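Below are structures written as structure tokens.
Okay, so chain A shows up in both of these, paired with chain B first and chain C after.
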Partner chain A sequence: MVTANHLIWVPVLPFIAFVVNIFFGARFLKERAAWLSVATSTVACVIALPICWAVFRGAHFANDFTWLMLGTTPLKFGYLMDPLSATLLFMVTIVGTLIQVYATGYMHGDPRFSRFFAYVSLFMSAMLTLVISNNYLLFFMAWEIMGLCSYLLIGFYFEKDSAANASKKAFLTTRVGDIGFLLGFLTLFTAIGTLDFAQMNTLLAGHVGHTALNTGLLSMAALFIFCGTIGKSAQFPLHVWLPDAMEGPTPVSALIHAATMVAAGVFLVARSFSLFMLVPNVLPIVTAIGTITAFMAAFIALTQNDIKRVLAYSTISQLGYMVTAMGLSGLGAGTFHLITHAFFKALLFLGAGSVIHGTHVQDIREMGGLFKKMPHTAVTFIIASLALAGIPPLSGFWSKDEILLSAFGSGNYLVFGVLLLTAFMTAFYMFRLIFLTFFGQARNHDVHAHESPALMTLPLWCLAVGSVVIGIPGSPFMHHWFQKFMAEMVHYPEYEPSAVVMACSIAVAVLGITLAFVMYLKKTTWAPAVAKKFPSFYRLSFNKFYFDEFYVTYLIKPFHALGRLLFGFDANVVDGGVNGTASVTMFLSGVKQWIDTYIVDGFMNFLGTAVYFLNSVTKRFQTGVVQNYLLLAFLGFLVFIILELKLT
Partner chain B sequence: MIAIPLQHILIFSLLLFAIGLYGALVRRNIIGILISIELMVNASNINLIAFSKYTSLSPETGQIFALFVIALAATAAAVGLAIVLALYRIRKTVQADEVHLLKW
Partner chain C sequence: MTSHILSWIIFTPLIGAFTILFVPKSSAPLIKWIALATTAVVLGLVCHALTLFQPGLSGFQMMERTSWIPQFNVQYLLGTDGISFPMVGLTAIISLLACLASGSIKERHKEYFFLYLLLETGMMASFLALDLFLFYVVWEVVLVPMYFLIGIWGGPRREYAAIKFFLFTLAGGLFMLLGILSVYFAATPHTFDITQLVGMPRSLIFQQVVFMAFFLGFAVKVPIFPFHTWLPDAHVEAPTPISVILAGILLKMGTYGFFRFSYPLFPEATHWFQPTMATLAIIGIVYGGFVALAQTDFKKMVAYSSVSHMGFVLLGLAALNANGFRGAMLQMFTHGTITGGLFLLVGVLYDRSHSRDMNGFGGLGAKMPGYAGILTFFALASLGLPALSGFVSEFLVLLGSYQYSKLATGLSTLGIILAAAYLLYMVQRVLLGKLNPKWASLTDIKFVEILTLAPLMVLIVVIGVYPSMILNYMIPTLDALLKTLKV
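What follows is the complex of A and B.
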């Protein structure tokens, strides 16, 4: 029987898999490494699901132990199972396990097969720790390990320069946000004296509207914590790493850069929700960042030709949606979209991986007409796209509708409009992708597509089912159970479902799909014509708003220049100082050597010579003939006698 | 009994000492030198006994002293002869001027 105390095994099991795989994988386990990872993940899932179920039914678990004492304040590590963590635990264990099963097929034959699964297991361990952690410090530790895994897995094909650079870029860019996060929770600790989530919630819940706490400090803490979200969830202006992160193996893109790790940023805001509710002046910033990100990324996705990059920008855009929801105080809506998005975006990435596996190309201009050759992949991909585009009754519709409702209900009509436009673009670019990939004529006849093995299509179908049904708990069919479930934890405003919002949402989705259908399947001349008609917009989108160029020109080059300057300083001034000291020492030593040789030694030699000279006189007395000695002694005696006689 | 004055005895011992010194300085044979040294030792012994007899309250002091000196002279002669013997074995000579091992 599984009890809440078994929860500790959920992160520990994948960690064991990591240790075993990293040390014994390459030599002993080889292809069996995958089964170890999948098995531990499955067992973690089996342990986690009943506990999640109990939480869904209203239970609440927490346990901790004192890790260390900060002065008189104990810092406790432990797990916290509340509605939020239970929801994420549910999603991460299921999606994670399915993606690992898929990866077993996808990575087959890779020379670093066992290392891949070691890293994935470490990642799973960190992600699960993060989800069930009960305080910011443990959360941050797991967060950083995830960053490390992300780095290692993006750079998994490190022989390629582009992959190595992408991993560096991802690590450094997220590091900017992570510093903010670290400062944020330290500021929070200064302000309220605890890092524990549950304690923070009770402490802050009692203070809404009061001025007993330093709101300035809390606002700063909230802003800094949000920096972590911007970095990890690839929000504007730190979104640039996520598209490049697609250099990693596709299951990694699905697991880390679509479903779980990037969602951790949103999860962080959800975890700190009571804090954000207390400082309402921070929320508009959150909303603005989220909305800008959602729109910008969707706009870029319109013109990208790499199948994984389109999905990457789509991920950024959807994360922007979630952040917007958080900014609009929509904890339920944001978390709901996080869960549904994890399922259908993981599915989309795995589908894209399946396409790449089958065709060995990534550029959608070289695909086309793959539907017949890869039916399982195509059908599941289309289901996921429909979910993402927001076609009822698939999951994406319900969650996106909730976010739109938050914007509409709170009276932010500008945000509502931008989100609606983003939804339209989302439908458009997803179906552009589908029509170019799976329909029409095969454009490159060197590509010989084949369906992927069952090991890969089975997880696709599982996730497809998930993408369809996971929206039900938040839909009117279950009376918005999920939103009420979330509201048990932290209270937040709820809005009555609006038929207008639903109608708009469906309308833009259908419009986007229809437009894509017309432009890329029926009137294929339209697309280049539109691009020619609006060249500035096209270039802006195609070149990703010139963000990378901007960063290269205004950040990286000045840093390089600064680096060269400092190197010059180091080489000339610091090294010069050291070398100068050495030269001066050498010179002084020369002087001392001269003094030693000619004055000290000279004096000693002079003494020696003088003694030798004197000796050459006196030694003549020592003849070796004893009778001479006796004679001398006698003469000396006589001298004494004579002196004695004279004196007296 | 005719008393011999102290001065006569002292002159006698002086002559004996001078003969010994002369021998020790000019004889080339080491054995001869040793014999000359014995002469000087005995001259000093005569002095000891003479002074003891004429000036001391207890004449035995000088006589005992003389006995010690004789014993010492004997041991010195023994050691000297041993050295001479060893020297002869190594250098095949007993001539003092032919041996100057202690030279600088």
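What follows is the complex of A and C.
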């Protein structure tokens, strides 16, 4: 029987798989490495699901131990199972396991096969730790380890310079956000004296509307913590790493860069929700960032030609949606979309992977007419796209509708409008992708497509089923059970379902799909014409708003230049000072040596010479002849006589 | 043995050193084995002392007191506590591993290992001496073998580097000597005994002047900007094991000096100096990080990263609170293990390629997977990846400094981003990308080399996962120090 105390095995099991695979994988396990990873992940799933189920039915688990003393405050590490973590745990174990099964087929024959699964297992371990963690520090630690896995997996084909660059870019960009996050919980600790989620919630819940807490400090904490979300969930202006992260193997894109890790940023806001609710001046910033991101990324996705990049921008856009929801105090809506998105976006990436696996090209301009050759892939891909576009009754519709409702209900009509426009673009670019990939004529006849093996298509179908049904718990069919379930944890405003919102949502989705159908299947001349008609918009979208160029010119290059400048300063000024002191000392000692040689020593030598000279003069008198001495004595006597006479 | 365990720890290397003098020059393997055995015995003795050490006590333990020069009240006074014992442990570990890594020394083994063991004696004694006069003597004793070890077995510019190191440290040391003498003459009765000197009232101006004198001595060693330029030269020229000792232990003698002498002797001056200390810490962190980013020489990059990382120790010292001190102490230990490891890894690559130009490498990840894995591990540890020890110490330092100054903390986090930048840039240039055909014949890391690195990796992981294990030894002493400082 599974009890809550078995929860500890959920992150530990994948970690064991990591250790075994990294040390013994390449030599002993080889292809079996995959089975070890899949098996541990499956067992983790089997342990986690009953516990999640218990939480869904109202249970609550927590356990901890003292890890470190912060001053006199104990910092306790442990797990916290509340509605939020149970929801995430449910999603991560299922999606994660399915992706690993898929990866077993996808990565088949790769020379670094076991290392791939080692990294993936480490990632799973970190993600699961993050989900069940009970405090900010443990959360942050898992968060950083995920960043590491992301780094290692993006750079998995590290012989390629583009992959090496992308991995470094991802790590550094997210690190900027992570430092904000770190400062955020340092600030929080200063403000409320704890890093524990449950303690924070209790402490802050009693203070809504009161001024007992330093709201300035709390606002700062919330803002800094949100920086972590901006980095990890690829929000504007730190979104630039995610599209490049597509250099990694496709299952990685699905697992880390679509379904789980990037969602951790949104999860962070959800975890800190009581904090954000307390500092209402931060929420508009969250909303703004989310909305800008959602719109901008969807706009870029319109013109991209790499199948994975389109999906990457779509992910950024959808993450923007979730963040917007959080900014509008829609904890339920944001989390709901996080879960549904994880299913259908993982499916989309795996489908894209299947296409790449079958065709060995990534550019959608070289595809076309793949529906017949890859029926499983195509059908599941279309299901996922419909879910993403927001066609009822698929999951994406319900969650997107909730977010639109939050905007509409709270009176943010501008946000509502932008989100609707984004939803329209989403439907358009997804079906542009589908029509170009699966329909029409095959454009490149060198591509010999084939359907992927069952090991890959089976997870596709599982996720497809998930994409269809996972929206039910939040839909009117279950009386919005999910939203109520979330509200048990932290109270947040809820809105009455609105027919207007639903109608708008469906209308833009259908419009988008129809337009794509016309432009890319019926009147294929339209698309280039539109691009020609609005060249500046097209270029802006195609070149991703020139963010990369901007950062390179105004951030990265100046950083390196400053490094070189300071190194020059160090070598010439600081060290120059040292060497200068040495030179001056050497010069002075040279001067002193001269003085020594010519003045001090010169004087001494002069004395010696003088004595010697005098001596040489006087010694002439010392002849040793008595007559000379008598003569001298007589002369002396004469001198005295003369002097005596003169004086007297 | 138990009653004089600290003396045994200090003098065992000396016994080993003199034993080596009686071995003929030609039997190099025997000399190596004696040195290795000696350092191993020292580690054993330290482990024995660990069993005697009572972590709950805040005062000095295992003290040994003998009169040495009675006319001047100079004593042979040893003792250890939660500040010095971790440093003694670090010295024992690093000395053993660096000795094991001394395979790159190809000439004059007898002199090398003699000086090496003499150096260990000096370092151990520096961490254990509680008499200021004795401390000064052993502090200078460290200098002499180091000078020769760099000057004889070093790289092309070894003489320059050795003299620079020697003069820099000696000059700083002389100021410290003046400070020591002032403290001695100001105390009634005249004494060098630190246990008696702590707590004696001193006027603020006296404290300030003498604090500065001590500061100059310690600042050179840490090193603190702008006294740091000997460090890159010394590191680049020194042979690998000596670089490891230098970064792993010698730098810590500076920050240890603050904990042991400057802070408890001059509490008011400590408070007065706090803003300057924090400023210097931040300059070190950011400046060191930027300069490290600009390096093309692998070893020089690690050397400048040391300047940056030691800045965190200073920042913790400047915080003057529990978390800051704990972080600083822990950072001293972890920096020794992490940077020591990085220097060993630079050496592993240099032994094979005779090059340290990072731009000239590339793609070694496929050619040397074992080396790549270990180098990546140490790079990650150095950039402060959680679950590895560097993270915990930096986190504690930041938590401490945050209570002191938000601005200082905010600025210092730039150093963390820079650390990620220069280390990942290094990893990319050395390990990733296409293999430079010039290095196609390089062999992967050998078992002996792994043996020098594995213990460090274990320490890094263990401390990173459960830091209380080592922090529990430090906390009582550090908390007592805070009481002395009246904060």
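Here is the rule we go by: the second predicted complex is superposed on the first by the 569 of 648 C-alpha atoms of A that agree within 3 Å, B and C clash if a C-alpha of one lies under 4 Å from a C-alpha of the other, contacts with A are read in each partner's own complex, and residues count from 1 in each chain.
By our rule, a contact is a pair of C-beta atoms (placed from the backbone, for glycine too) under 8 Å apart; a residue touches a chain by one contact, two chains touch by 3 or more.
These numbers were taken from a predicted model, which means no experiment stands behind them.
Put simply, more of the residues of chain A are touched by C, taking chain B and chain C as the two choices. After overlaying the two complexes on the shared chain, residue contacts for A:G193 are found with neither chain B nor chain C.
By the touch criterion defined above, A:D575 reaches chain C but does not reach chain B. In the superposition on chain A, A:P476 makes contact with neither chain B nor chain C.
In the superposition on chain A, A:G155 makes contact with chain C only, not with chain B. Legend: residue contacts after superposition of the two complexes on their common chain; A:W67 is shown touching chain C, with no touch to chain B. On the chain A side of its complex with chain C, the touching residues are 22, 26, 66-72, 137, 140-142, 144-145, 148, 151, 155, 158-159, 161, 163-165, 167-168, 171-172, 175-176, 179, 182-183, 186-187, 189-190, 559-560, 562-564, 566-567, 570, 574-575, 577-578, 582.
Chain B makes touch with chain A in their complex at residues 21, 24-26, 33, 96-97, 99-104.
Only residues 164, 167-168, 225-226, 228-230, 287, 290-295, 321-323, 363, 365-366, 369, 373, 380, 385-387, 391-392, 395-396, 398-399, 402-403, 406, 409-410, 413, 416-417, 420-421, 424-425, 428, 431-435, 466-468, 471, 475 of chain C touch chain A when the two sit together in their complex.
By the touch criterion given at the top, residues 619-620, 622-627, 630-631, 634 of chain A touch chain B in their complex.
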